[in-house]
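Same chain, two partners: chain A is paired with chain B first, then with chain C.
On to the complex of A and B.
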């Protein structure tokens, strides 16, 4: 008797254990991504460029003075009175150690530098707060490098024996602005194409299609799309949509429109199914009431039935956004993996998910920044899931009376 | 008058029907479009001489154990036979891990958990299902690969950076877990309660009923979940290729050896967008679709056979 009880307890225990494992798997993903990438999460990350732009400048006149610098106290701050700047020892968005310019005095000679980069037309460049000071080289003295730290660089620059020959500085890189913009573009373009297409198809199948073998076959064909792996959609994108957009638009290569078209096909079965499910629960009484009042089927469908399917369409939209944000394999083929800071609709660029892929396949892989982007994606996915829950809940509540 | 009115309105309706039919037919045609275009490009390396390099030998492509003999962009001696075996091996191995966990979790949610707990777990499963594959790949690389590397070292085995079979299997299992759980849960809940009541009335305990009656009655749905999970695992690309190590010959079966799949090979070294090394990826794509289709067919046939046996 008791042996039987123990056996049953063990059997039930396996289900507890399995459930625990499922929760651990989900928790692990969130905890890992937050622990690795949480510290880089900031508004600045979303606003800055990925590629650092470098500047090389020389001083206009050799007249370093003395610029009184007050009230900058901190373990990581190092004032340079001779040039009127304050340096900060810190980390950039990618997690590398850098020297950031914390403060520049209004009259600092470093605000007016001769541009030494022959590839641009600007003659004057200026060192500004927030920029990264990479290297300061002097006449007849060893160069101050990032690797030797901000404290050393400040000491060197303050040394009255040294005359600055050249300053190398850059905008802070490692941001994801370009990929954020691309992702937003892709979401809007894709929904703009896929939503009307999917909704109209769903209306056809639920309201207008005759019940016969052809309709059933068409449904099966659409249902088959859900089983096609996303990498295959990528191949579809480069064989069909990229050549198509190159012919019809100013694009000369892979472009965001082709990416959005590819994503639209991926979303299509989801949107059709979700919309159709919403159409199905609209009571037939409403259709008959509308028809009895003299409205035709078209009016009934678009004015009475479709309105009530709105929660389903909303759910489809949220699902679609989630899918666009998460898609990587198809976009790697259609849009390439080169991270861009200047995003144009008719050119290739990377979405957030492909940005991760691009950094993870680099040597060495940038796990910190990848985790930060993954964290952003997870947060969006979480919010979308809540939205879907709320939509369904609000709809059910409304429908209950 | 009423008759005339009806007539003109139904003309609008028939126009609407025809316009909507176009949307339906276009949506339905995408699968045909995909098969057609990719097959045409995938077949090209076998029937043309690839700009003077000579055509790819189909038999070698289907059976060889080395991805490419000879230098890239020069040789046409491609082989994907080992990739087919590895892809299937990895997918089924991952199912070995995710299937029991998924089904038991589903049983817990559907039959054991109190209502609020079940609702919470459904949320967990849904959230997990909506996590993009690239995130699974990232966690695989950052969390599991170092663990696998250390495990291999402590067992005295070679494991280059932890990449390979075990990493792929874990990542794939995590990804297919929500699919199996969600579908199993629905089919467990759909089991006719009179069956369970009959079992309980005959003196079986609730635990016996759950494991011997409910699970068995839901086996058809559970099997469908497994088929869907296998399909996803076969076609998964980015997450797998991040942890695979991209073996260029095989088949590899060892848990700690580097591995590769059809999809990871398609993504590997994707630099040029012309030439034989690019075109051959379409052939691998066609192969992938055939493998998925055949696997689905075979598993569905088995499902029908098993489903017909009354226990």
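On to the complex of A and C.
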């Protein structure tokens, strides 16, 4: 075997090895997050609030009757005939152990409770299927708690010696709806700020700027910015954007606008560079052809050059979306770590990635839910990537047939 | 004969390198003028001075005077866009835009503000007919221009220039990337276009220059060695260099 062949073999080998390694790493991550968090993945998780609304109620009639309950199969189901409900020992969306109300009889006295929460003005509240039973307290008997399990709670409730004093229940919590909405807001706000700026800067650099020391220096500077760790942009966010937004908007501390501004600064160099690459690929022949036809520079740029650079700019956009979805370090200070169900742009909230951070810094860390969110993020990034490939491919096909 | 261009004492430098030295020549209306000479002698550089495409080369610096229709056109403040509308250009490599055939031809008029669909259609059709391409593409005007063959693409580029209704068409080796049949078609086309347009063509083919041109300019090392009627250049050149070049005994 000749020396060149060996070199070639070595080179090929290294390439294949590196590729294999990355594929294995990615595969392992996928398997891990799927094993840990796959079971929590559901549409309900994405649609539900994180903070469950609590209800406190008292019974209207003193003594309940007996409600026949058709047979419910399952080890985790515990019927309470005295009140006409079936309890289920289960986990909520965030993976915590809870007692869920599996069934409520039509005539159950728990459907008509007096509201004891003075902060709301409803008179009647009702226990419904799917809600979480948190606590049942009795006259002169110890309270039944979630922690003692559904079986115990059912036994206590069925005990004819006990009269219910108060019932505490809630909607199911642990959902990530707020963080999903925040992430969507962030994507749109950030792109709205960063795309026009980035694209126009790239156009200026590539089409209009004279090639001299100053523009070269600026280019290098932008290049350097792509390598700055994002936590530093987070610092920029708290020293500049948070005070700025507090000054100019109703915001009083970390907020979504400041988060979007910080992310825009992170995205700008990426967008500028990707767009510039796309503009460089457009052959000079086309610029000359356009100018020779009496079109001016602006017309040439927008009608001929930009049109051809569109796939590249789209790629930049998708890369930007991926970056917004994945960013956490920079957002912890600037956007906050408090999970919110009501997302407002002048208030703190969490993006999906920061939601993971919040879950992992909980005591104890919620690895299952973090893995589920990680899975969601990975899926989105994967879909985005496929989307990039398909659009670029479609564009190329349209251009060249 | 009426002079369209009149060039006087034209020199052009790329930084310190003199690519054109003190050129003097007139280009006549409704004539085909061929520019010949060995590679690197400055033919492309010269033709670019006529529609100010040399403006796009930052290191190029020009001295002297170029008059178009009697007006000095290389001075700052001259309407360059207006000049390029009246002086069209066809490049060596066919360079249609990656758009439909129709949009390619309509590009120039559209940039001048022509929006009316019917009028655009008339302009595009006329230009394609003049460029002898209409019969081949009339039923697929909305296809991408890149689906055309090289020869068709070059005729499309000519049509694109004609759509601007220019007075002059500059062609820089328009057939060098084409096969003999496509070349033949373009040569026939040039014969036809001569009636309405003034044509300046750069070519490396002596036969082509002899076949289609009325006047021929021979450039050598940035200098205009000889400029005369084509028959004179090819039969009775005054300079030894010209004779050597046109008879192929060069170098």
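Note that the second predicted complex is superposed on the first by the 354 of 401 C-alpha atoms of A that agree within 3 Å, B and C clash if a C-alpha of one lies under 4 Å from a C-alpha of the other, contacts with A are read in each partner's own complex, and residues count from 1 in each chain.
The rule we apply is simple: contacts are C-beta pairs under 8 Å (C-beta built on N, C-alpha and C of every residue); 3 or more make two chains touch, one makes a residue touch a chain.
Just so we're clear, the structure is a prediction, and the values are computed from it rather than from any experiment.
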{"item": "First, second, both or neither for A:304, with chain B first and chain C second", "value": "second"}
{"item": "Contacts of A:289 with chain B and chain C, given as first, second, both or neither", "value": "second"}
{"item": "Which of chain B and chain C A:149 touches, first, second, both or neither", "value": "neither"}
{"item": "Which superposed partner A:211 touches (first chain B, second chain C, both, neither)", "value": "second"}
{"item": "Chain B versus chain C as contact partner of A:16, first or second or both or neither", "value": "first"}
{"item": "In the superposition, chain B vs chain C on chain A residues touched", "value": "B"}
{"item": "Interface residues of chain A shared between complexes with chain B and chain C", "value": "294, 296"}
{"item": "Complex contact set, residues of chain A against chain B", "value": "8, 11-12, 14-19, 21-23, 25-26, 28-29, 32-33, 36, 197-198, 200-201, 203-205, 208-209, 217-219, 221-222, 224-225, 227-233, 235-236, 238-240, 265, 268, 272, 294, 296-298, 301, 322, 325-329, 332-333, 337, 353, 356-357, 360-361, 365, 367, 370-371, 374, 377-378, 381-382, 384-385, 389"}
{"item": "Chain A residues within the chain C interface of the complex", "value": "210-211, 283, 285-286, 288-296, 299, 303-304, 307-308, 398-401"}
{"item": "Residues of chain B defined as touching chain A within the complex", "value": "5, 9-10, 12-13, 16-17, 20-21, 23-34, 37-38, 41, 100-105, 107-109, 112-113, 121, 123-128, 130-139, 141-143, 174, 177, 181, 205, 207-208, 210-211, 228, 231-232, 234-238, 242, 263, 266-267, 270, 273, 281-282, 285, 288-289, 292, 296"}
{"item": "Chain A partner contacts - residues on chain C that touch it in the complex", "value": "51, 53, 56, 58, 81-82, 84-85, 88-89, 91, 93, 95, 97-99, 107-108, 111-112, 143-144, 146-147, 157, 160-161, 164"}
